[in-house]
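Labels A, B, C and D are assigned to the chains in the order they are written; within every chain, residues are numbered from 1.
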């Protein structure tokens, strides 16, 4: 067990109607690690997250979580195992209260002891607990997505573009939050276009281009890699 | 805020029981009361599915008819007590619902219309002359040897209480909270750890089972009937209109909707039959335009949380 | 919640008021001031045409007896005016159930008359028995109804549909017509006739070359006719409801196909409707079961004979009556006789009176013969052909011989 | 007497093309407005009665029922559209609420039709569209079928041309693709939708003119059956795709006629079994998304 990483992808591939969007992706993630996932639009980042979280099913390769194969499991089972995520366009339960949004996940997420108030405090929405989620700003809704994921007591969090549209001080707060989560032992895979933000929180990034993994290593090294530069500039 | 526990549900159930036990002693047209209960049950059963999962079953009558036939055939071919046959009707409908389970993969209008088609298929198969030996085909069925208006009235009341209890459970429990979540966003609900498919199927089966029990009891109460009597689309349409009138996703909305509109239906039907269709049609149009969330939304708008 | 309670309370109050108002009661020892006859009709839906016809016939009868001071009731030894209480069930059995119950329990009618046809009659059968009311059933002839002895059911105006095609089958055998095609609607009324016909033909060793049910809602017969024609039948028998007959005959005339003999049911009942829809030319030489007033019964023991009925009805309603009008009127006449002979004013006494009348009574529909199961055997329907006369067609009864008014034109000429 | 199969196939194609016309108005309105016109069959019925009145009272050829249907659709359709559709679209669930609302409208129309015309069946002169038969590949069908099919093909072709060639047609397609985006690009969504609504009713009314020929007669109670059949057809084809309606109509027509020929008593199952099977295999219908986005 000790040699097995928390998450390990081996040759994972996905095609939509003959169009290959992800080709033989392999990497692994350790507990408490923050890994950045970068690449131009359409490079397959969100697809990778959808495959890991079970929203879509991989056509090829294996995904292992804590040593056991998990591809093909329904998303709610993955949530119970400890894999959770946020969405690029936040998807709260709009006609339910903010607190109810958290309570649902705390109740069904396989972590019944979870304290909704603590989660609300963590994501800084304690003051909005009673209002309908649909009444929050988009940024608040993104935080609510994160809070709902946290309420399931995850071991691996997939964060899809949480930073877009935030001002520097908000970005700073989120960076701190994500780092705090990592310190608790939660592994994070963060999809992000904001490289400064990523640079601040990650040790390691994975660069995708047209569905392939181009590079794995520090962001600094990535910016000097000719393949990566070509992918970003050449489109 | 949410955790008022089981009390509102218990209050509604007890009130319904008292009202429908007293009514026959005050008002002699027991058929009218029986049918009113039947429509309240069907409206509530439809509300279980539509109000709590967003799936609108146009073909809801299919489960009603399936229950009627399953019950009647059990009465004709076995020596089981009638109550057991009625339960068999509920089970029969649940079996049909399991077979039709894949329809839940469809969404919106597709689900509704495919379900409508499924109910028509059941109707046409049951009434087909080639199956006369099994289903009675176009000649219908006759189970008048067990005809018992009192007992079937009480059975329908029990089903009404069961349906209301289920709705109250959906409204007030964590299970119901999960249903609300998955209706609003199934993907997020899955990420919150809800087994969306399982929950939806459970509700679907419960809703079908209620219609099946109601259908079985209805057949028992009629005791001589043609296929059309238990498969007519009018039954689906009434249940939908009643549910929307009262307000779906609540417990008392469908009860209010079905009871009041059914009384109105009979009121117009008895006093002003020529204008009936016209008035009913006009009423529906006005409702949708001016009160699309049902009469219970009149209270919601004033800040009252309708149970 | 408060809202629902108040509505239910309102219903209670209304219910109480209704029961308080309803004073008269079946089986009362004192003579009622007016005899309440409860019935249903359908103003819309699939039975509307037939149901309204029957209802108008009953109304015509009631107007007639009231003009004469009412019906004579032997139990009270006096004439009592009648009042018809009628509700609209819109062809829905669910609605009909509550309305029958309304008539029985709220209006406390003295006599209960069913709506048209088996479907709308079916729900009243157990309900009437439960409330010990005699259900006077003008046209509900479902085979399921008459399975045991009962005091609470009496089919008065038409024989069970199972016996209708017996003369037709005999006629085909007698004419030695071997190639028979039968196309019928999948409903009680048509399917039971088709099966009787098949059985009658089988006795003569004839097996239909085509024998298929089609959905009751069938409206397109062009391809079906072509399939039938491929079996080269001499006679095509289509058993349906009026919309089926109309669609069938129109498709036949448009198809260019021709058969030696074509039979459908409703020209014999609703000749005006069929003529209006398919044209006299298309109807020419078609066979049918002729019903009064298309066939006449001049010697009657009760009520008007067929000719007088047509005259008075036309004068009163400015419209010639059809069979269903006659059936509704006949229902009234039978009830009138029943009240005239029943010694007590009770439902069981009424039923016994009807059984007593059985075999002795003749009305504009012919002989009245009822079994103790409540089934009507009555007058078997003859076979007739529509033969061109002027702009329209006249009915020529061709079988049985005793009733025949002419000879069949066979094979039918192409028109 | 050869060729039962050929007769059924050709009959099925003709019948199916006519039923494309029966269904297309429902589909057009759904595609553009996401509104379920449950009164569709009642509008078809009104078209049939319109032709009946023209023929009976004015002695006109029933084909004049088509311009009458168009005129009637304009007179009824515009006020009806503005009275209900924008309001429905603002609601939380336009699809479902429109279903209920138009059920109410269907009831009203049926009741008024019974008041106005009586519950009887009515039909049109059998020879008004030609009294003979016309054959193809040796299989003969009544002239009235061919006229109905010709009108169906012209109407659907015309609708196709409207979509492909006219400015309003482009705008209509833009709305079908994305209502909000269409509004954002400056299209007068309400005006274009109102026109599509009127066209939907006019197509229904025009189809009604031929109902007495292909379905024997017209009476106030035929609406509901026509609506459910239309539903089956447009779902088989795929909701919102007018071209799919033709495919749906053909599948329905062929299925029904083959069933009638070989298993007559089960023929009423055809549209519904096809619908359920197709929807389970291809939830978006036979001509699903692939065509719509093309």
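Keep in mind that, in the parts below, a contact is a pair of C-beta atoms (placed from the backbone, for glycine too) under 8 Å apart; a residue touches a chain by one contact, two chains touch by 3 or more.
Which chain is which protein? Per UniProt: A = ATP-binding cassette domain-containing protein; B, D = Branched-chain amino acid ABC transporter permease; C = ABC transporter substrate-binding protein.
Since the model is a prediction, treat every value here as computed from it, not as a measurement.
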Please find which chain has its CA centre nearest to the centre of all protein CA atoms in view.
B
Greatest centre-to-centre gap (Cα means) from chain B is with chain A
So what's the Cα centroid distance for chain A and chain D, whole Å?
49
Can you give the whole-Å distance between the Cα centres of chain B and chain C?
35
Can you work out the whole-Å distance between the CA centroids of chain A and chain C?
74
Junction residues of chain D, two or more chains touched
110-111, 114, 265, 268
Would you pick out the residues of chain A that each touch at least 2 other chains?
none
Shared-interface residues of chain C (touching two or more other chains) are 43-44, 186, 213, 215
So which chains end up touching which?
A-B, B-C, B-D, C-D
Spell out the part of chain C that touches chain D in their complex, as residue ranges.
43-46, 48-49, 52, 183, 186, 212-215, 217-224, 226-227, 229-230, 232, 242-244, 246-248, 250-251, 253-256, 273, 276-279, 282
If we count contacts the way the header does, which residues on chain B are in touch with chain D in the complex?
56, 58, 102-103, 105-106, 108-110, 112-114, 116-118, 120-121, 124-125, 128-130, 233, 237, 240-241, 244, 274-278, 280-285, 287-289, 292-293
Going by the contact rule set out above, which residues of chain B touch chain C in the complex?
11-12, 15, 19, 22-23, 26-32, 35, 124, 127-130, 132, 137-142, 144, 147, 149, 222-226, 228-229, 232, 234-235, 252, 255-256, 259-260, 263, 266, 269-270, 273-274, 276-277, 295, 299, 307
Complex contacts: residues of chain A adjacent to chain B
53-55, 74-76, 79-80, 84-85, 87, 91-97, 100-101, 103-105, 107-110, 130, 145, 148-149, 151-152
Complex interface listing, chain C residues touching chain B:
1, 3-5, 7-8, 11-12, 14-16, 18-19, 43-44, 87-88, 90, 92-95, 97-102, 105-106, 118-119, 122-123, 125-127, 129-130, 142-145, 147, 186-188, 191-192, 213, 215-216
